[in-house]
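The structure follows.
We call the chains A, B, C, D and E, going by the order they appear; numbering starts again at 1 in every chain.
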Amino acid sequence: MVKFTLNGKTVEAEESKTILQVATDAGIKIPTLCYHPAIEPYGGCRLCIVEITKRGRTKVVVSCIYLAEEGIEVKTDTEKIIRSRQTILKLLLARCPESKKLKEIAEQLGVASTHFRISDQSKEKRKNCILCGLCVRVCNEVMKVGAIGFVNRGFKKFIGTPYDSESDACIGCGACQIVCPTSSVDPQEVCEEEIKIIPSEYNMGLEARGANYVPFPQAVPKTPAIDKKYCLYYQSDGERCGACEKVCPRGAVKYGQEDKIVEEKIGTIIVATGYDQYDPIAYEEYGYGKYKDVITGLHYERIVNAAGPTGGHIVRPSDHKEPKKVVWIQCVGSRDEAKGISYCSRFCCMYTAKQAILLKDHCPESDAYVFYMDIRAPGKDYEEFVKKAQEFYGVKYIRGRVSRIYEKNGLLVVKGADTLAGIQLEIEADLVVLASAAVAQGDAIEFAQKLHIPYNADNFYTELHPKLGPCETVTGGVFLAGSCQFPKDIPDSVAMASGASSKAMTILAHDELEIEPVIAKVNEEICSGCLTCKDICAYSAIAGKEIKNRKTGELINVVAEVNSSLCHGCGACTATCRSGSIDLDGFTNEQLFDEIAIL
Amino acid sequence: MENIYKPYIAEIKEIVRETSDTTTFKLEFVDEEVKKSFDFKAGQFGEYSVFGVGECTFCIASSPTRKGYIECSFKKVGKVTSVLYDLNVGDKIGFRGPYGNWFPIDDMKGKNLIFVGGGIGLAPLRSLIWNCLDNRDDFKDITIIYGARSINDLVYKNELKEWKERKDINFVVTVDPGGEDKDWKGKVGFVPTVLEEVSPSKKNAVVITCGPPIMIKFVVLSLVKMGFSDEQIVTTLEMRMKCGLGKCGRCNIGNVYVCKDGPVFTYKEIKQFPAEF
Amino acid sequence: MIEDLKEKAKELLTSKKVDVVIGYEAGTYKDYASPSFAKTAKDVDRFVWNKNCVNNLAIYITKAKGKVGIIAKGCDVKSIIGIIQENQINREDVVIIGIACDGVEIDGEKADKCNFCDVHTPKIYDILIGDKIESKESSQDKYKEVAEIENKSPEERWKYWKDTLSKCIRCYACRQVCPLCYCDKCFVDTTVPQWIPMSVNEDNNMMFHMIRAYHMASRCIGCGECQRACPMNIPLNILSKKMTKEVEEMFGYTPGVDIEAKPAIQDFNKKEDPDKEFIM
Amino acid sequence: MADFEPKIVGILCNWCSYAGADLAGTSRLKYPENIRIIKVPCSGRVNPLFIIKCFQQEGIDGVLVSGCHPGDCHYTTGNYYARRKFALMNKMLDFMGIEKGRVQFSWVSGGEGAKWAKVVEKVVADIKKLGPFTKFK
Amino acid sequence: MADKLISKEDLNTLIDNLAKDIDVFAPVKKGDMYLYSKISSSKDISLNGKNTKKPLKEVFFGQSEELISFKTAKKEIEIIESEEDGKKRVIIGSRPCDAAALPILDEVFGWDYKDSFYLDKRERTTIISITCNEVEESCFCTSFGNISPSSKEGSDLLLTDIGESFYVEVVTDKGDAIIEGNSNLFKKAENISQKDKRQKEAVEKVKRRVELEGLKEKLDINFEDPIWKEISQKCLGCAACTYLCPTCHCFDIQDEMKKSTGKRVRNWDSCAFGHFTQMPGHQPRTEQFQRFRQRVIHKFKYYVDKFNKTACVGCGRCIENCPVNMDITKVIEKIVSS
């Protein structure tokens, strides 16, 4: 470790650290352009220059390359340094006058304009490219692809591919676009194949996400995860990238990590695994998946969400234009035995009304149509809400089914019927929203069997009792909350969650566990010690017990013994015991015999 | 030839819960002239049966001097006794008997009687005790030593009190060490040790004892130590009996059928039995 | 063969490796052999080995105390495996003197089990007497009689078993002779609850034999002792063979082969579906 | 035997079949009342001797044993063992000559009220065809 | 009570006449064994087969007999007397050893309380035995003084096959009554020598003998003798020997209920079983050798002490049917010589 003074404060750092890194760690801001933490420093743009005095002699050095040294004195914002940075900026502005990023840095450093001659913009290939070379270096050193490089020299120098044609080497990873300080690179120009984004599941594919991403803003814990399927480091077995490990200031990224089975001893489990949205692909007549503008309610929810991909502006996913006419279609999948979903998904009518109102708020002159069978608004002020949508916001509710949707010159023609008016009608809509059903999670059955909780035909988990035990399950200590039991909206889910957690607390609050008195017992006099019951017991509650002669201590016999706290009272052991020496309290052989005898 | 396996039908008139698993029934025969003509001697036993469940053997606990009814006490251990235990007043059970021999009451006349009972073993002795007390003056002094594992294991609690008050009985009651509680006034100790403490004189005396086999073994040892001769010790054997008529072979020890030649034996006779009872 | 056997048995006894060696001695009725217990080297002289050594001596292991040496044919070893599987004795306490046997006789003709025996040389043994005999695939159908009865109509079957089992006098020789019937108190003797009425008639007999065969399922190795011991000559082998056949077909388990394995009745397999044609 | 009303013992596992039967009741489904239900904690608890005991009983003409679908067992493995037991018992009963259909088995889960009603109807119909059960009486 | 002669055909006609109005029991071939069963005509009878598998006691002391039956209605209990049909019965073709067993059983069923079930049947039955023509390897009846293939003990009539007719010896007046009833079928007795020759031949056929001398005295003292453990090692505790023994009489009484009617049944039981002397919480005979000892000592000492009759007739059934070839004659030899 070396010690030196930085803007008057003495700091300590390893020899391998550059002054720029030490300054950033210390919170001192030094402007940079051609520097990126994941790439070897190049010292191209010279913006990061600082003044150091070493043994009485001061000089200006490039802080992104200069390594920390013992006893030197570093000043990052002397008069001389600021003036030279301003000059560099003016030169760059002359080259790329319209680059937003350069204008920003200029503003920060107090540069209003440039007095140098603006270079001829017409033949410039990339107007904002300041030739800092980050893209070239990331492609060669980090991604080990080397698809782009510097072409020509002097004024004609630009970043390009061999023979300036689309390169087949480019793997379309988009690293160049990310590191470019002036965002002047478009990887699609370089890459031969069409670059596909990694669709963000949370934003229903409307937006891309990185291979190392935070699933959604409210995630708990809110830590990023590496998606091995897309991460180049993993796909290339450690050849390429590895940027996230370098960039992470806390060194939290460890590529060697494997999935670990963590075993925890817990008292209670609250199952809140939620629901999944029914994929309306089965309704070809609606053209979901064929037309980009036929979306589901969840899609629309992300579009209208301020933190969503469109920033809250309601636009058509195909051309990002504001829609004039939007059609909502209710009960897509729900209440339709043919599609195997006979139940009503309960909350679609309400969110459709809300979405229609939001449309009218955002684009007052647009028209909203809702095709419905019956509107289900059973909650508090729910009916009034829908009435407001119809009367105040003018959402047109049409009672009838939609038969077909097809595209005609850029618009979606929605053919349906209005049973109240008894007419067929067609609406040319810009956007169609399908209120698709809520179905159980894909792995619901496997999970239920793991917890030994029952589930019904639609794979929703079965509560202990429809009326008297909605939040509990038949398995002691396992509780249910939310749509995993049956689709329900937020107020109901919150109510159920508080019910489930208070029930869970009743168990955790006592230091003893109350169990059913239905326990197996062994009659040691006639037990022959074959321990068949021991293998049968699913809860390994039975073990062999040695009976020794009290005086001589010599082993007389091994008999079965039941651990009453583990025994769940299933009675499988009693049925396999040939001599009937193990019996189940509450369901003894004699009791069952008497039950049969009085029939 | 009449069917010797045909039981009389008796109705339960009274039920007394002696301890947590011991009960006493008061039975009266339904058939009038059986009720009148029925006679037995103290020490005899009978086969009590619950129709449809089975039969079980225990002694007649009431005294032959009390006519018109019989009493029996039993512990809830097996198939029939568990069903018997759950019966209530008014139910009808079967009774076959009286079977076996009886206490030699005639040649006990004019002698000192020493009763040594343990737990439920007091039942057969009780029949003889009441029989002697009903004609008290035929006998010299009577000593009763009775013990049980713990206080609530003592049977006929109210009769124990009655015997305690009577002047003409030397009555001692004890519980095994650890079975007593703070307001227990009786003795504490095993029956054989208490017997040696009381050490009744062996002159012109007969000892009648009944209780768990372990207790009988040590009581006899003490008695022999105190100089009692084998003929003076009389006991009744609780063997697994089924027919009670000397036919089914279950109670056969040596060349004796306990149900016919017993259950009352003197220690002298028991000594000749092979060691398997 | 017999000298080798006697010498090995004496050596075991003198070296105190075992407290008793169980073998066969000449019987006293017809030409039966009868079980013999040798505690000293002198007792071993009574041992014989011939065609009539039919008894399955494994029954005495469940009653023995301490270390036991046993003369065992291949089928007897299968029973010993079953006994060890069910914790009635530890493997170290049994010294198995295996005998290569090419079939024994009952009343002069070859025992049924020997026609399709696959263990002429016992599967496991500590000492082997006689040289190994390869077990060849048997031509006859092991389940001939079972098939005969299966082809009858239900009424005929019912009548057949009713008549056959009405002869049974409930002497329980079949139970007492079977090495795997070691329960201290059999379900037939328990009175609380009274599983099967004690009186002897065809219905109660049928119930007893049905349940005993069921209790033997996936455990009986087919030594045939129950049928040999039955004084009333009831073909009990058919019942146990039927169960063995079903266990083999449905669960693919053959008893008496692997000490570590669990009998099929104590085991399950998630993927199997023996219930597909009869459980709704 | 048109007017013959069989009496059938239903041995139901508490967590699934008993709940299924209860659901059939709460959803007002109609099914023949010839069945008398005995609750056991799990189909694994059913000892073949119970079936034999039912045979001995006067007036009982058939037995239906019902449990959770394999995999759904509240005690995880109860019905796996039961499945094997019932398979063996079924073969044994058939081998002894007891008519097919006297003893029937079914898997009915907690949510299958309708299936329970159908199962009972089928069992009652079968046993009506077979007539009174006189064996073992 | 003079001896008579009866031709084989006449015997068949006698059987047919008797079978018309009274029950006739005789050994009948069932599968590979012979069993006493009620016959309706002389065709089913097979006189010259092996000894019957089940003893004659089965006809008098059934394996499961109903003692009483009863009806229970709420609190009321009604005992139903099972009335005997009182019909006369005849047994034809029983072996002298089986017949000799009956007087032994009469002792235990007749002493003190009279067992009506057994004794009533004994009175109503006439026993016509036949001299054994075929003797088993296990028979050792001649070891007992009063029993032999041609002994008359316990029988009412004894037939001896002398070629085409039977020599009839009258033993009791019950037998005589049979002859009176059908005197036309019987002829005057002749060639008595033929009969004696056949009877002597039969006696010689019995090879197995056991010396009973000194057995009783030995049994009086050897209760604790370790020899019992040694000789009973191979006994498995089944009841084949006791159930098939003509003189074993132990039984158990059980109740059986069917809805509201029930019956109290007497079933054969055996001292070989563990539960025979199982008391709640106490079992005097835990080991197998104790139970085996009880069977031997009861037959050869206790019964002799009480009724001065040895409870064994040497029929050899226990030797024949024992799964582990436990031979009572060898056991006796070991005891006598110990």
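Following the convention adopted for this analysis, a contact is a pair of C-beta atoms (placed from the backbone, for glycine too) under 8 Å apart; a residue touches a chain by one contact, two chains touch by 3 or more.
Keep in mind it's a predicted model, so treat the numbers as computed, not measured.
The fewest steps needed to get from chain A to chain E, moving only between touching chains, is 2.
Ranked by how far their CA centres sit from the centre of chain E, the chains are topped by A. Remark: among chain pairs C-D and B-C, C-D carries the greater number of C-beta contacts. One finds 40 Å separating the Cα centroids of chain B and chain E.
Work out the mean CA point of chain A and of chain C, and you get 64 Å between them.
Rounded to whole angstrom units, the spacing between the C-alpha centres of chain C and chain E is 33. The distance from the centre of chain A to the centre of chain D, with each centre set as the mean of the Cα atoms, comes to 49 Å. Of all residues in chain A, those that touch two or more other chains are 536, 576, 589, 593, 597. Residues of chain D in contact with two or more other chains: 49, 53, 59, 71, 77, 81, 85, 137. Counting partner chains per residue, chain B has residues 54, 78 touching two or more of them.
If you check the complex, the residues on chain A that touch chain C are 525-532, 535-536, 544, 558, 576, 578-581, 589-590, 593.
Residues of chain E touching chain C in their complex: 30-33, 53-54, 63-64, 137-138, 233-234, 236-240, 242-244, 252, 254, 256, 265, 267-268, 270, 273-275, 288, 319-321, 323-327, 329-330. Touching chain A in their complex are the following residues of chain D: 7, 9, 15-16, 19, 26, 36, 38, 40-42, 44-47, 49-50, 53-54, 57, 59-60, 68, 71-78, 81-82, 85, 109-112. For chain C in complex with chain E, the residues that touch the partner chain are 27-30, 32-37, 55, 59-60, 63, 167, 169-173, 175-177, 184-185, 189, 191, 197-201, 225, 228-229, 231-233.
Those residues of chain B that touch chain E in the complex are listed here as 1-7, 9, 49-55, 77-78, 81, 90-92, 94, 213, 238-240, 242-243, 245-250, 252, 254-255, 260, 274-277.
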